[in-house]
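Structures given as structure tokens follow.
Note that chain A is present in both complexes that follow, paired respectively with chain B and with chain C.
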Partner chain A sequence: MMVLLAVTAFAAADDFRGRMATVGPGEFHSVIPEGKKDAVIDIPVFQLDQRPVTNGEFLDFTNANPQWQRSNAVRLFVDASYLSHWETAIELGPDVDAEQPLINVSWFAATAYCEAHGARLPRWYEWEFAAAADKTHADARDDPLWRQQILNWYATPGSKALSLVGQRAENFYGIQDLHGLVWEWVADYNALLVADDNREQGGADKLKFCGAGAISMERKEDYAVLMRVAMLSSLEAAYTTQNLGFRCAADLSEGSQ
Partner chain B sequence: MKNRRIASSATIGVVLFLTFGLISGALPSRVSAAAAQERALLDTGGSAAGDFGPPVGEPIVATLTSPPYVPPPINRNTPAKLIVNLEVRELDMPISEGVMYTFWTFGGTVPGSFIRVRQGDTIEFHLANHPSSKMPHNIDLHAVTGSGGGASSSFTAPGHESQFTFKALNQGLFVYHCATAPVGMHVANGMYGLILVEPPGGLPPVDREYYVMQGDFYTVGKYREKGHQAFDMQKAIEENATYVLFNGSEGALVGDNALSANTGETIRLFVGNGGPNLVSSFHVIGEIFDKVFTEGGTHYQENVQTTLVPAGGSAITEFRVEVPGTLVIVDHSIFRAFNKGALGMIKVDGPENLAVYTGKEVDSVYLGDKVKDLTVVAEATTAYSTTGEVTIAQQIAAGEALFAGTCSVCHQLDGRGLATVFPPLAGADFFLADTTRAIDIVLNGLVGPITVNDQSYDSVMPPMSQLNDDEIADILTYSLNSWGNDGGRVTREEAAERRASTERPPGAAH
Partner chain C sequence: MKARYVYAVVFVMAVSISASAYASELPETSIYHLQVELTDQHGTTQSLDTYRGHPVVLSMFYATCPYVCPVLISTIQRMERKLSADERAKLRVILVSVDPETDTPEVLSQVAAKHRIDLDRWQLARATPQDVRKIAAVLGVKYRKLPDGEFSHTSILTLVDADGVVRAHSAKIPGIDDSFFQAISGIMMPAYDQK
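Right after this comes the complex of A and B.
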């Protein structure tokens, strides 16, 4: 499928990498065990965008790749709301700030953007590994105050205007806006495993899921993860929503950092 | 919902028949036929008997209503296809005055829209999740026979819509709620409501029908702490509710939002409890439930004061109101009503019905434990009746106890009265100048201005003629000999003489 998405190689890969931070390597205690009770995942070192992709950055991409403009994009890869907040297919318009995180973008479009920059979408474990950090700790998930702060964002309605990227504090890795701004696509969002009905613990549809069975979660108090998993599980690759954006990741290549 | 009265007399008949039959060895086939008929009266047959066949006629778009109102009764005797369109919206609304909370709602309200269908109807359910929503949502209707109650078929991302269809095989009043992870949080944020599946014959008509649903809420801040409050998961896990509310906010059913009715009307409340955690002890202060369909089921109990509504459950209560006033809806786990907001009102208008309830008729003084030990009074009386004599000391002792119990309320234990209100007796010129007048005042009371020790008083002393002659004599003797007063004595004969020669004012005792 990746081959079919013809994209123009865009901007020097090194420039693009310049906006990424290095994360890991490390061990990640996942809340969703892969068949074992306590899942400890080895995360090799990777790079992750310090901020989500913005409207301005994506506009540059669609200008260079008109097949991804909203008037041209194939309906198989995007839905009817794709980039609907922009005034036109090629202009943001006065109501949209170039520095706001991009929203109304599908998994296919996000993947195409990252690929055009010699990058990729982060995997779920990578994203969660980076997102477990607060300012001073690599893993802040046991801190109830930190957890409550994240939940406060999830609790407020999505109707307020989006703030610009880069306003919030950097975390332990120098990465911003993993919490409190928009939901973010991951490469393997579909391998997550919420049964449509959250209460089907280990139910009959186990075979559906690549990961574990239906939610048999460790760390039940970190229910922000549940919410992210629920959100991603409700999506199809062509879906776009007003509260969903993305950032890119890359494997560490020789010569960079 | 069957009428149990017909059923119970038939039951007695059958029980007797069975007993006689078994004892006398009567024909078993006739017994079982009667028993089967009896069973049919008591038993709706559940879901097995709930499929009345395919829908008849054109599909109907269901009328949904916002609380506290319900759609009109179904007026149909064939199954139909109903189209239900329900939208999920995440909204900032006040949970209490000055306190904002982000509610997740079905239809923009907490509880969500009321859905009314008939048993056997086919419901095509559309669940839309507004694009501004942050979260995906789904719905589990307890009326649904099927996977997750619909939840597995209605998982909907923001800006999308899901559809599934089910047949309502069981009659009853059912809760619906969101079942997206984490379920407790979705429910705690207000994602619940009621769906009524009417029995095929409908419900007996009443004058008013209302929709009341209890829920518990958990906020980071304290009860009524102003500002925007976030959901507190830890409190929810510990079942330590900050608010317990009817219809999603403290003001939902009070003041201008109170429910209304007129005397003589019968009210039916469709009561739900969304939880997420707490069971309700549902009670209406000032009324008794004539009928309660416990847990929203088919049979009713009668004459119930308080009924339990389980979390994720319901009840239907019916009662006729006879007197005007304000009825108060509460969860009778009473601290929830007065300290967490579980309080609503029904204003009943109409003429008074004093035969049923009068309101306060009398408010009189009750001295309680100010009454001292009265054995001294008994001693004095005994002394007089046995020996014909009572000593001053005995009178003073008796008078002290009686004074404390009767007179000290106004004149105070030290006889100093209350400046400008109640005149003193201690060193009081008005009192000491004329003992006969003092007896008259105790017997007949005194109204109008007087001057005591150069201070004017214009109060009312009520007649104390309920005191007998002994008591009046003892009290006055005590007063003349206390608080520095020079002394003196009043005898029971003097009291009797004044009682006979003066008139009691109207309303006073003998």
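Right after this comes the complex of A and C.
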């Protein structure tokens, strides 16, 4: 399917690749470790868009793939507010800047966009790994000042117009806007189950989750990131919201280097 | 028979995640808008709408699951036994594996044999990891792989009608969820059949 979709990719596919940064390989402790609390997560090398996908980029996509225009996209894949901030199905209008991050986009639409570019959505661990970096450190999460900066964003009112992408400093990998602009979809948004390890306990929960749980929240001081996990796990794939966007990722071996 | 003809046309046109060319043929919320490839226990590749025209119960599982998945299968079988023979003949079941790496057609075939699954009406299937995520997204199933190779997943049954529109969900296993069962038998009513 990815191959078929890639056929519809744009001439600009190479430029798109050029805007990805290489991240990893590495290992780290996630806020939602696998298995044991202190389990180390291995991150194979991957590529991640330097910036979130913008209105302008997504408009190019919907122009080339009209089945994803808001007037055509089927309700299975998008809810009623999909791309609702654009003036029409084919124009952004005067109030929307092409360089603002795209919002009001569903997981299905975001997935289709990335696939059309021969890419995919990042997995949660990849996103979290890349987002742990500050300007100079791959993992800045133990720096209270840096954590406070991130939290300050959550404290700013959501009613202000979104700033343009690429206005903030590049992180360790040359990636921007992982924090401070919009929430972002991940490929496995529906994998972030949060439950205590209850495989030993039996009972009703054991029936709800086959091989149940084994997920717990760790690194409680990272509550900005934990808020993301909670938010993402509450979503359905057709949902769209006015502060949720995305960026794409790719395996390094898939594309040009 | 018209439905079968439409299905054949649709199959040929199934080339992208949302083949809008035939979107008008299907209700907007039909899960059959999702274009994914399922490989069944015989190794045959089909699209998600392989049973279009029938009411279908869908769920997700994995073959090496020790406890819940066998219960999931037997719950559906018990529900089937409560239907009349005519009703049962109309119903179809698709179980999609969340563990495509392990669940080859051979493994799925063994599961079918072990549980005496009626393969004229049931399909055990695998898909690429990307497609499995999409199917889970459509069915509202959450799953993740655990370090010990097992999978944590929600056991949800979904009932879709002849056009792939979701009519009921059930997270109640074991035991038969009355409202889910009512939805299945409701969908079999003659009035619905003539549609």
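Keep in mind that, in the parts below, the second predicted complex is superposed on the first by the 224 of 257 C-alpha atoms of A that agree within 3 Å, B and C clash if a C-alpha of one lies under 4 Å from a C-alpha of the other, contacts with A are read in each partner's own complex, and residues count from 1 in each chain.
Assume a residue touches a chain if its C-beta (ideal position, glycine included) is under 8 Å from a C-beta of that chain, and two chains touch if they have at least 3 such contacts.
Owing to the predicted nature of the structure, the values given are computational and were not obtained by experimental measurement.
**Q** May I ask you to decide whether A:Trp185 touches chain B, chain C, both, or neither, giving the answer as first, second, both or neither?
**A** A:Trp185 sits against neither chain B nor chain C.
**Q** Which partner chains sit in contact with A:Tyr113 here, chain B, chain C, both or neither? Use first/second/both/neither.
**A** neither
**Q** Looking at the overlay, does A:Gln242 come into contact with chain B only (first), chain C only (second), both, or neither?
**A** In the superposition, A:Gln242 touches chain B alone.
**Q** Looking at the overlay, what does A:Phe129 touch: chain B (first), chain C (second), both, or neither?
**A** Once the two structures are laid over each other on A, A:Phe129 reaches no partner at all.
**Q** Mind working out whether A:Leu226 is in touch with chain B, chain C, both or neither, as first, second, both or neither?
**A** A:Leu226 contacts chain B only, not chain C.
**Q** Quick one: is A:Phe58 in contact with chain B, with chain C, with both, or with neither? Answer first, second, both or neither.
**A** A:Phe58 sits against neither chain B nor chain C.
**Q** What is the shared patch of chain A, the residues that chain B and chain C both contact?
**A** Correct list for chain A: 195, 215, 233.
**Q** Considering only the defined contacts, which chain C positions touch chain A in the complex?
**A** Per the stated touch rule, the residues are 15-20, 23, 26, 28-31, 33-37, 61-62, 65-69, 71, 128, 130-131, 133-134, 136-138, 140-144, 146-148, 150-155, 171, 173-174.
**Q** State the interface residues of chain B toward chain A in the complex, per the touch definition above.
**A** Spelled out, the residues of chain B in touch with chain A are 90-92, 102, 131-136, 138, 140, 147-148, 151-160, 179-183, 185, 189, 220, 228, 230-234, 237.
**Q** Can you check the complex and tell me which residues of chain A touch chain C?
**A** Those residues of chain A that touch chain C are 1-2, 4-5, 8, 34-35, 39, 66-68, 72-77, 107-108, 111-112, 115, 120, 187-188, 190-193, 195, 206-215, 233, 236-237.
**Q** Please output the residues of chain A touching chain B within their complex, sorted ascending.
**A** Touch list, chain A to chain B: 81, 144, 148, 151-152, 154-159, 183, 194-200, 215, 221, 223, 226-227, 229-231, 233-235, 239-243.
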